[in-house]
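A, B, C and D are the chain letters, set down in written order, and residue numbers restart from 1 in every chain.
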Amino acid sequence: MSDTLIWLFALPLTGAVATLLLPRQATALANVTAVATTAVAATLLHAVSRQGTLSYEIGGWSAGLGIALRADGLSTLLLMMTALVVLASSVYASAYFSKAAERARFWPLWLLLWTALNALLLSGDLFNLYVTLELLGLSAVALASLGGKLAAVQAALRYLLVGLLGSMMFLAGVSLVYAGYGTLDLSTLAHTVEAGPLAWTALALMTAGLLLKTALFPLHFWLPPAHASAPAPVSAVLSALVVKAAFYLVLRLWLDVFADLLTPAAARLLGVMGAAAILWGSWRALRTERLKLLAAYSTVAQLGYLFLFFPILLAMPPGPARDAALGGLVILALTHGFAKAGLFLAIGIIQQRCGHDRICELDGTAQRLPATTFAIALGGVALIGLPPSGAFLGKWQLIGGAFATGQWLWVLVIIAGSLLAAAYIFRVLGHAFGNRAYPQSTVTVAREEWPALVLTGTAVIGLGLAGAPVWQLLGSNA
Amino acid sequence: MTTSAMLILDILMVLSLLSLAAAALATSDARRSVILFMAFGLVLALAWARLQAPDVALAEAAIGAGLSGALLLAAVGDQPRRALTGDTKPVHHHDHSNLKLMLEWTVTLLCIAVAGALAWALAQAFERAPQATLAQAVSENLATSGVSNPVTAVLLNFRAYDTLLELAVLLTAVLGIFALGPARPGYRTAGPVFGGLVRWLVPVLILAAAYLLWVGAHAPGGAFQAGATLAAAGVVLRLAGQRTVGLPQGPTLHLVIAAGVGTFLLVGLSLLVLGRPFLGYPPAWAGGLILLIETAAMLAIAATLVLAFLGGRPQPPRVNVTGGKPPAASISTLRPRSREGLSGADVPGAESHKHFSEENRQC
Amino acid sequence: MNLDVWLPLLIVASSLVPGLVIFFLKEDSHGTRTFLNLAGAAGKLVLVGVMIWGVFHQHNYETRWTLAPGLDLVLRADTLSVLFVTLSTVLWLVTTVYAIGYLEKSPHRSRFFGFFSLCVSATIGLALAGNLFTFVIFYELLTLATYPLVAHRGTPEALRGARIYLTYTLGGGALLLVGTVWLHVIAGPTAFVEGGVLGQLPVEYHGQLKAIFLLLLIGLGVKAALVPLHGWLPQAMVAPAPVSALLHAVAVVKAGAFGIVRVVYDVYGVNFADQLGLLAVLGVAAAITIVYGSLKALFQDNLKKRLAYSTVSQVSYIAMGTAILGPIGTIGGIVHLVHQGIMKITLFFAAGNYAETLGIHKVSEMNGVGQRMPATTLAFTIAALGMIGIPPIAGFVSKWYLGLGAIEAGMAEWVIPVLIISSLLNAAYFLPVLYRAWFCRPAPAWPAEHIPAARYETAGALLWPPVVTAGLALAAGLFAAAPYSPLEWADLIAQREYQL
Amino acid sequence: MLTAHWLYGITGCLVVALGLRTALLHALLLHRLIGINVMGAGVFLMLIAVAYRGPGVAPDPVPHALVLTGIVVAVSATALALALARRLTAEQDDE
């Protein structure tokens, strides 16, 4: 059963090699790989929900000497989201890239990115995590630069430099850990780590590097241009999954590995940065003229909510209340993943059909591209956090936690952010409902329109009405 | 050698390291700073040799200093300065200069703080001097690892998974480079003297690579050092004006650059299918499998590094223009690609839309 | 299958499913759409009938679905929810017929009817909500489902009206959410229980409970159009007439008023609310709104705007009834939930007919419209007189009970004057309209005669709904004492709330 | 704790700081790239210093392996960055 952990990264990697060697069949191969990997992820989800955390010692070497893979509730849920989002985006991409040359360039990098994501989510070894981070960063940059325009290349270059800086900081922290504790295995470290300059510096360096990669305000400057100038399916995955991978690592380090030596003050710092991200990101999203930039800035804001959970989680004693809050954090992250991916895919369709993504010229989209507009509306509902989206449950937990721990101020930030989100989403929908129509083709390819609908639907209906298992899964091995 | 002499050596080494690093980062002239960086790398290699890390020293000399240097120099060669100014900065420095000064100071202080924290942490680490490091574990399991060089054992057996992903990183890099456009136009074909030099230098390098690969099992060396040496041969050929530097074209080229990852996966997964753990070599076969993987890895690494040096897929002869052309040449070759870019702005309908944009400027 | 578990869900689904299907219909598949709409409405009516019978006989219908630990989506039928469900279902049926006639060959009908059904589903959902969490979910869904209806015409004014509507309701929704979560943290899942649940909480929480009540009151007051939160309502009248009917009578405004009733009676408990001094706050807000709305209505020449302000005023009778301690006042408030709905929808249907048939939008254009459109004008007259409180029309019953209740509760000295003033104002802004309609000589030509006088004064689908609802308004007054009449049902509710 | 430890260890820290400063401040892409590489080298130096066990004692091979991996990853990243820079020039000249 634990072989699934291997296949989760081995399948996409094999697919990458295959698509590279057989460019003619690349699209077919990639879609097959996507389906197979998703199936494996589903199997894993099932297994973990049945028998709790799974782990695998690569090469049969005991963790420490060798590298161990681990899949607990948290990583499994993220793996599942990754699989579904990448699968949908792959279907979309098969229709999105018209030229064979483009497809041949795209698929191997795409599957390498997936490999990196899965490897990162599974890895239980600090240095291995560094390698996965680099693989993730490089593949993401290569994909982001596929746009080929000046803006895209420039953004990709900045993205790369920032990413490298982040990984170097992370590596410095890792080196300190090995120097001090003689191990790289996360679970071993969790037991041996003790407060002191060593642990502090290591955690600080690793966290700083990861915050740079997950674009937490004020380290977000690189994100909007990079996410807004990439091809639609790439933007979808960058915004939905790649930044989340780095966030996932912060969560692991703070809540699992270094939990014992964390002070509320440190968590409050993260909270303040998160709050700033919410307000600033939402504000910029409201002011921007282009739909893709809007989506990118909203990512900056949404990540802020995730970090707002830290001061609340660390102020709570272990127990059902804390588990509920953690579940809220996870379901918020998942909802954003699905919603934002769907949103970017939908925007890609609008961009292709209308030839632009200027918000003030979208009038009549609701008539010309009803399905796509509906997808945007659904995604918007999730971003605002309105019921029945999973984000509603997440924000409920967030507000509840803030009240329970007496941190009222965060509530104001959450409400302000949500209202700003409503403002920028309905600014778009307002234009879409406008009846000043432009003479443009209304032909749409189902293969392009469905993925966006399915993803945003999952975010709103799926996670909103059937989200309870998330808590069970997290609880099963907490 | 006496400890005091050793100490003096150490101090000299450390000082030169610091001064070279500082100098490399201080000079504003690109070419100079690259050369200083390479020098820094070489001294670093010496320092590591002194710290009994010969494998790493070799790799640093060959890759860290050698090939990175070559890449950077090539970049300096075809980049007009302003390109390297390429706005990659979050903060805009020009005009208001006192803001710039403030920023510089804050960053400098931050870096000092980082250095301090690092040193402090490191000091504590050395005190704790973790006894239960993996060193013992490695030496205990070395016998069954299939090789006698502990570093190779860690790289290709105990932590083989890291190496697999690392090869994936190399693959990603070269694919990314391919996606960005064709290789630089070749250099002037070598004169008789250099030509003669090349004629015996290249075989030597290839032999050296083979030797490093073979010796890696029990002595310093291995796939990476070997791959780097092989790449060096490619670089030499390239400098001699050899356009394709003996690399295959088309599908075969893909086969080569994917060889490392492919072989690794093949071995790992077949073991899994045969009921062993992923990458869990049977002790009897370990040596052979590792050599197999290392050979494939070497080829892939060499190819990747050379392609990185070329700056892309080597062009079929007709495109190439002999004679070192100014960047304009490489740009002209890029033009068509930038047209078929993927960004939404050049999808059908973009033109037909243009005339609407005017009347809607309000809002 | 077990009906007790499935009935509430079925009642919501009976409009939700057709709505979702309609989205995917072609624009021109008129027949299928009409069939789905009417079938859904009729089916819902049958199911509701079953539910009324069951609830009357102490049946317990409950659908429960866990969304997260401690957060259950609960649909439950009690006397109060059944009252609101019945009202919405009946009026929805009528409004659907009217809308089908009204939107003859106007664009995007599939979209319109899709959201129209979602809107009603949301209303039914919040009527059946078994706890505050569920109520909030459907309350927000209602906001979302109404936005496209208000924006339907896509004109700049429509979009502007929709934007204002959204600004108010989402703002209110946010406060409601905060209040609900806060309450959830203090008191755990707050199920709606007759007589309330918060009374048992220790004294140190009372301060927080007051703050929470204000949050909830503002959140609900936005939809209930309590002054000064009423700003969106007059703006939203740019929407098509069926939507106005929906906003003013069936769904939105009602949802707010219903929420206030729920919070006071089934969350706080009316006695506990009084003990905290919250009823007084509510009463004052209601009184101000009643008078202010009527005053504003006086100065509107635009007919729909005048009706909108009259709604602002009339809906607060419900809040007023809630604020009056004692069963009689409660009956007055709750029965007005129904009466106001029937009468106001009649008025909006009639206004819509004037606009659609003769292009009349202003009161000043209504001279002599009584001769041209007698049936419509008669319906309008009945409803208007009812609003003023002339016996034997429904409105009179409500006001009568409110007055009695006030006297019983010893609040007469300020409630009675408010009732009298507002009734006078109602007369002042309705009677002139009736006078013009019946007794003034018509202008040589109507502003824009779309539908010529034929067998009927206008299209049948437009004519019958107001006639029917006017009849209902009359019946609700005449047969107030009959079993299953709104009054009797309100009486039943009051008995259960006060455990009489 | 040996002299070599703190001598090279501290040097590593300083080199990291030097590289970091350039990576953050310098205007020229090439210098920032070199800065990042220097930073990496500093980290590697720290690791090798940690692995050192004194004369005559076999050093810890694990950090050596990590550094080897790190070097290769660093060169791949540098190569990609330079390719991007080259494309950027071309695009800028296109403008």
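Please note the rule applied: a residue touches a chain if its C-beta (ideal position, glycine included) is under 8 Å from a C-beta of that chain, and two chains touch if they have at least 3 such contacts.
As the structure is a computational prediction, the values presented were derived from the model and not from experiment.
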- Item | Between the pairs A-B and A-C, the one where more C-beta pairs touch | A-B
- Query: What is the distance, in whole Å, between the centres of chain B and chain C, each centre taken as the mean of its C-alpha atoms?
  - Reply: 71
- Could you state the distance in Å from the CA-based centre of chain A to that of chain D? 28
- Message: Can you work out the whole-Å distance between the CA centroids of chain A and chain C?
- Response: 43
- Message: Two-or-more-chain contact residues of chain A, please, as numbers and ranges.
- Response: 127, 131, 134, 138, 141-142, 145, 148-149, 153-154, 157, 161, 172, 176, 179
- Touching two or more other chains - residues of chain C: none
- Multi-chain touching residues of chain D, meaning two or more other chains, are 16, 20, 24, 29, 32-33, 46, 50, 62, 66, 69, 73, 76-77, 80, 84-85, 87-88, 91-92, 94
- Those chain pairs that satisfy the touch definition: A-B, A-C, A-D, B-D
- Interface residues, chain A side, partner chain C - complex: 320, 323-324, 327-328, 331, 366-367, 370, 381, 386-388, 392-393, 396-397, 399-400, 403-404, 411, 415, 418-419, 422, 426, 429-430, 433-435, 464-465, 467-468, 471
- Residues of chain B touching chain A in the complex: 86-88, 90, 114, 117-118, 120-126, 128, 130-134, 137-138, 141, 157-162, 165-166, 168-169, 171-173, 175-176, 178-180, 251, 254-255, 258, 261-262, 265, 268-269, 272, 276-281, 337-338, 340-345, 347-353, 356-357, 360, 362-363
- Query: Where on chain A does chain B make contact in their complex?
  - Reply: 3, 6, 10, 13-14, 16-17, 20-21, 56-61, 64-67, 97, 99, 101-102, 105, 108-109, 112, 115-116, 119, 127-128, 131-132, 134-135, 138-139, 141-142, 145-149, 151-154, 157-158, 161, 172, 176, 179-183, 196-198, 200-202, 204-205, 221-222, 229, 231-232, 292, 348, 351-358, 360-361, 438, 440-441
- Query: chain A touches which residues of chain C in the complex?
  - Reply: 65-71, 73, 108, 111, 136-137, 140-141, 144, 147-148, 151, 153-155, 159, 162-163, 166, 170-171, 173-174, 177-178, 181-182, 184-185
- In the complex with chain B, residue positions of chain D that touch it: 1, 3-22, 24-35, 37-38, 41-42, 44-46, 48-53, 55, 58-62, 64-69, 71-80, 82-94
